[in-house]
Every structure is written in structure tokens, then in C-alpha cells.
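The first chain written gets the first letter, and so on, giving A, B, C and D; residue counts start at 1 in each chain.
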Amino acid sequence: MIRIFVTGGTFDKKYDELTGSLSFDDTHLPEMLRLGRCRVDVSVRTLMMIDSLQMTDADRALIVEQCRHAGESQIVVTHGTDTMVDTARALANASLGTKTIVLTGAMVPYAFGSSDGLFNLGSALSFVQVLAPGVYVAMNGRYFDWNKVRKNTQTGVFEAI
Amino acid sequence: MIRIFVTGGTFDKKYDELTGSLSFDDTHLPEMLRLGRCRVDVSVRTLMMIDSLQMTDADRALIVEQCRHAGESQIVVTHGTDTMVDTARALANASLGTKTIVLTGAMVPYAFGSSDGLFNLGSALSFVQVLAPGVYVAMNGRYFDWNKVRKNTQTGVFEAI
Amino acid sequence: MIRIFVTGGTFDKKYDELTGSLSFDDTHLPEMLRLGRCRVDVSVRTLMMIDSLQMTDADRALIVEQCRHAGESQIVVTHGTDTMVDTARALANASLGTKTIVLTGAMVPYAFGSSDGLFNLGSALSFVQVLAPGVYVAMNGRYFDWNKVRKNTQTGVFEAI
Amino acid sequence: MIRIFVTGGTFDKKYDELTGSLSFDDTHLPEMLRLGRCRVDVSVRTLMMIDSLQMTDADRALIVEQCRHAGESQIVVTHGTDTMVDTARALANASLGTKTIVLTGAMVPYAFGSSDGLFNLGSALSFVQVLAPGVYVAMNGRYFDWNKVRKNTQTGVFEAI
């Protein structure tokens, strides 16, 4: 059984046609898992639905505690890309021991035709099943140890440091 | 560097609007990798572009030889789902030693809105980077050893045996 | 009030993931009208769900009778493109008097990402509201009198004759 | 020959993956016409690429002058929905005589999977070919005289007044 914690981010942004702006509503995760014909046993829980630039220390503490108390040893966290590495660090510093935690996100909302979300979800769900315990970021088809990655804000690409 | 060998299958079926039927043209792999913002170093080569129900022993021998002579130790093979397990067996019987080979495909063509292809590609590219040498099938978000999987033709789902 | 009669055709073809072939199931019309935020008062009825190459004289007679007995004076018929002109002729020969009937279809199934279906539906629903009584084909953003059009089978384009 | 003037609006909004916000780039009109297999003779010109809430009197004057000097007597203007009716009024007040001008737009950007844009474009291009000279708004599958329509900001639907 794999646990998926949803925190929002570009992954789940939708277009609000009355205001003409981007907003959050329900997560697209169940629909994405259905589209991927995913038969891994997963349990999805939405912790928050926010832009990761708005994420506070209290939000991160909540994510850490949810990961700590989850019964599953394999956890995927969907997250905005801007501060994904910060949350990865918070999780790593919490010493969650024997758990494999993979953070992923998207550069373009799933609801857009051109989203990388489905690719990234397939990638994160796969990495979490085979990587050793630890905290990782899965983006651009690659995985990175939490402390060896940064988002290049000029290119939008995650790269090793 | 990961090698991707394209053999066709549902993954790459397109709708031929003049004949009103499904056919093959060029592979969608480069477009899918672009959509996934994939930054893994990959090299794509099309070996054939056929429905896997049409695949002959000679076709399988060609796939085996291409995998044997590839310089890369991580190989993804895109393949029709109907005989994917047969090709996995042929590859396993060829004793390719230290290579990790992951076969994947799709239940719905990538060109359709509702395809599982992007999810499966993200999954296969991730598994191939971390699994031990051997031959595997990656479908439905899971991976299977080549000799422990079958496609359930009633449900379209790959399941462990 | 506009009546929409559904007869199948490429418009409504779907991909059957268990057989790997194209087939018909329910019509996509209601979903398409929803996507188009259509607020025209329409009533959708499925008469048949077939490839227009399979359409018999009896099928055409049924379409004619349904148009004759419809209470609405504006009627859109969704139809396979291959014999759309034949059905238009059958309707014209039936002398339905004061009704405006517009036949339309698609070169690529709506369920595919690259379909012309939504464009054609918007077009046909618009033409039917403003054209004088008669029988027309609406394809490629144009409308044609029933007896001044043919499908160019080499290009897939409807052209004036 | 139909002239299409592009002014921006939701139609052409794109998702900027580096800033995580909506922005404008090139128009999607040529791609949409290709998708619709449109064979009407059209000439597309981008006048501006803005949110219609930002549209000034000077912008409207520019649109009016471009319509006045266009050689075509059938003109489609793509426009943000929020002030589409204002621009329609400016065009009507300019007494452009024998021209048929149809304004259209979209509630959801074309680049999103769930856009009404293709439906609306098919509709506007059809209405402009058959309506008498005048200024019209084409939305929701309907057409309205410029002075008999408003956008209901609660529902996002254009309705007759």
C-alpha cells in the first residue's frame, strides 16, 4: 500500500472561468490514477490545497507529522515545485526512519492539455516502490536525494547539485 | 544514458482520417518525452511499428539482438500489450547479463485524450533506472518479473502469477 | 428548439481498449454541448450508431421519417462523412418543406485529442439557426447545398461541385 | 474571404510554466483553424493580445479602424468575454455599413483540455457567413444583436436582454 498526500501546487490548479484566474478545487489525483489504469494499492489524502509559495512552516510541520504517523512505508507527496526542496528538507530533518518518501509535482496543471503531471505521477509512484528509505524529489523523469537537488528557476528544470 | 526501443503497439497507433481506421506512422515517443519535460539522457530508436499480435519470431529475434548490442545497460522497450510477455520471455532467455530491460505499452493510444501512455512511460523510465539487471514488464503503475506476469484479457490489466 | 439526430459516424467512434479496435458506445453529443457551454435549446436523440459505410436504404428511410415527424423546424444530423451526401439527397428528395436540416460529422473521433468534431458541431448548430429551409452539409467551416457538394476522398475535404 | 482580428482574451491565454501564471504569447487561431479542418478562406491578424478588462478606449478605436479599413465584408473578432459587449457597441456606433462583424471568445483558454474555444470559433465563422450586415456577439452556440446581449457575470453565460 502506498500513501499519497496531496498538498496542491501546479498539479492541481484549475482555471476558474468566472474569475478568469487560476484556483484550487478538488485534487485531480483520483482521475489521474484512473487514467493511468493504476493498479497499485494507493490511499489518497488531501492535506492542503495551496500554491507552494504560500506554504508556511506550520504547513510543513503538518506534512511531516502526517508522514510520521502514516501506516504506510512508501509515501508520495504532490507539491508545488517552487518550494518542493524545502519541504523535502523538512521531511529529511524529521528522521522518519524506514520510510521512502518521494515528492513530485508538475510544471503545468494537469487540467491543461500539455501537462507533465501524468508522466511525473507515473514516475514518482514507480520510484517510491523501489528506492531505499529516504526522502527524494522525482521530477523530469529523474529522482534526486533531497539534499542534492534544486529547481533552476530560469529553466524550470530540477537539476543535481 | 537510457536506450528506448520502439516496436509500435497501441502506444503509437494513430487515427487515419482518410481510411477511418487505426494505423501506424511515426512514433509519439519524442513528443511524450517533451511533454513529460524528461531530462533523463535517452536515445530513441524505432525497430518496427507493428501491432504486437503481428509480431513474428523473427521480429522478436531482432529486438533481442538490438538489446544485446546496445551500448546502454538500461533499456526501455515500448510494445503492444497483447504479446508483451512473450517478448519479455524471449529477452530473458537470451541471457543479456547485466542489462535492465523494462517493457511497457499502453491500453489506449497516446493520441487519444484518455491514454495511459504518458503515465506508463514515466513509470517505465523510472523503474529502469533503479531495478537490478533483469527483464521486467511495467504496466498499471507496477513492475513484474518477466516470468511472473500475464495480461488478463478480460480486464486488460496486467497481474502477477 | 433544435433537434439533433445522432446516427454515429467518426464523430462518435471510441477506442475499445480490450479489443484494440474502434467501436461505438454512447454518443458524445451531450458532453460536447456541455464543453461548448451551449445554451441553445436542443433535444438529442440517437437513431442509430453506425459507420456510414454500413448505412442501408432502410436506415436512410428511418432518418427521413424521423425528420419528417420531428416537431422542430431546425434539425442537425450527425453522420459519418463517407455517405453524408447520400443521406442529404434522401432528405432533400423527401420534400420536408419548411425544415432546415444540416448534416455534419467529423474526420477524427471526438474522443481523440485532435478532433474537428467540436468545431463542426459549433458550425452546424449555428448554420441551422440562420439558413433558409432546405438540406445542407456543414463541414470544414462551410455549408453546402445538398446537391452541390462531394467529399473528396483523396483529401478528406468537402468541396463544392 | 473572412477576416479574423485577434485581440486576446481568455481564448488565447496560456500557462506560463516559469511564473506559474496566465499570460499571452502567440494566438492559437491558426492551430484551431487547422484542427477544425477549416477550408473557409480566412486571413488572421493579431491587433493586440490583452485581457479585455485592460482594454482602453484607444484599443477599441484601433479595432474599429481596422474593421473600417478591412477589405473583407465578413469579420470575426476574438475578444475577452468581460468587455466584449462594450467593443460590440463601439463597432456598432461606428456605422461600418455593409459589414457583418461577429465577436466571439471563450470562457476557458483553448490550451486547456476543457475549452469552449473551438466550438465558439466554429460557431462565429458560420454565423458571419450568413448573417445580414451588422454587429453581433456569438457565444454559447447562439448569436445576439450587439445591443440585445449581456454577459451574466454570476453564471458566465451570455443572455438576451
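Just so it is clear, a residue touches a chain if its C-beta (ideal position, glycine included) is under 8 Å from a C-beta of that chain, and two chains touch if they have at least 3 such contacts.
What you see is a predicted model, and the numbers here were worked out from it, not measured in a lab.
**Student:** Comparing centres built from CA atoms, which chain ends up most distant from chain A?
**Tutor:** Of all chains, C has its centre farthest from that of chain A.
**Student:** Taking each chain's centre as its mean C-alpha position, how far apart are chain B and chain C in Å?
**Tutor:** Chain B and chain C have C-alpha centres separated by 38 Å.
**Student:** With centres defined as the mean C-alpha position, give me the chain B-chain D separation in Å.
**Tutor:** Chain centroid spacing, chain B to chain D, equals 44 Å.
**Student:** Would you please write down the residue numbers of chain C that are in contact with two or more other chains?
**Tutor:** Correct list: 107, 113-114, 156.
**Student:** Go ahead and list every pair of chains that touch.
**Tutor:** A-B, A-D, B-C, C-D
**Student:** Okay, in this complex, where on chain C does chain B touch?
**Tutor:** On the chain C side, the touching residues are 10, 15, 17-18, 20-22, 51, 82, 107-109, 111-114, 153-154, 156.
**Student:** In the complex, go through chain B and note every residue touching chain A.
**Tutor:** Residues 32-33, 35-40, 107, 114-116, 118-127, 129-131, 138-143, 156-159.
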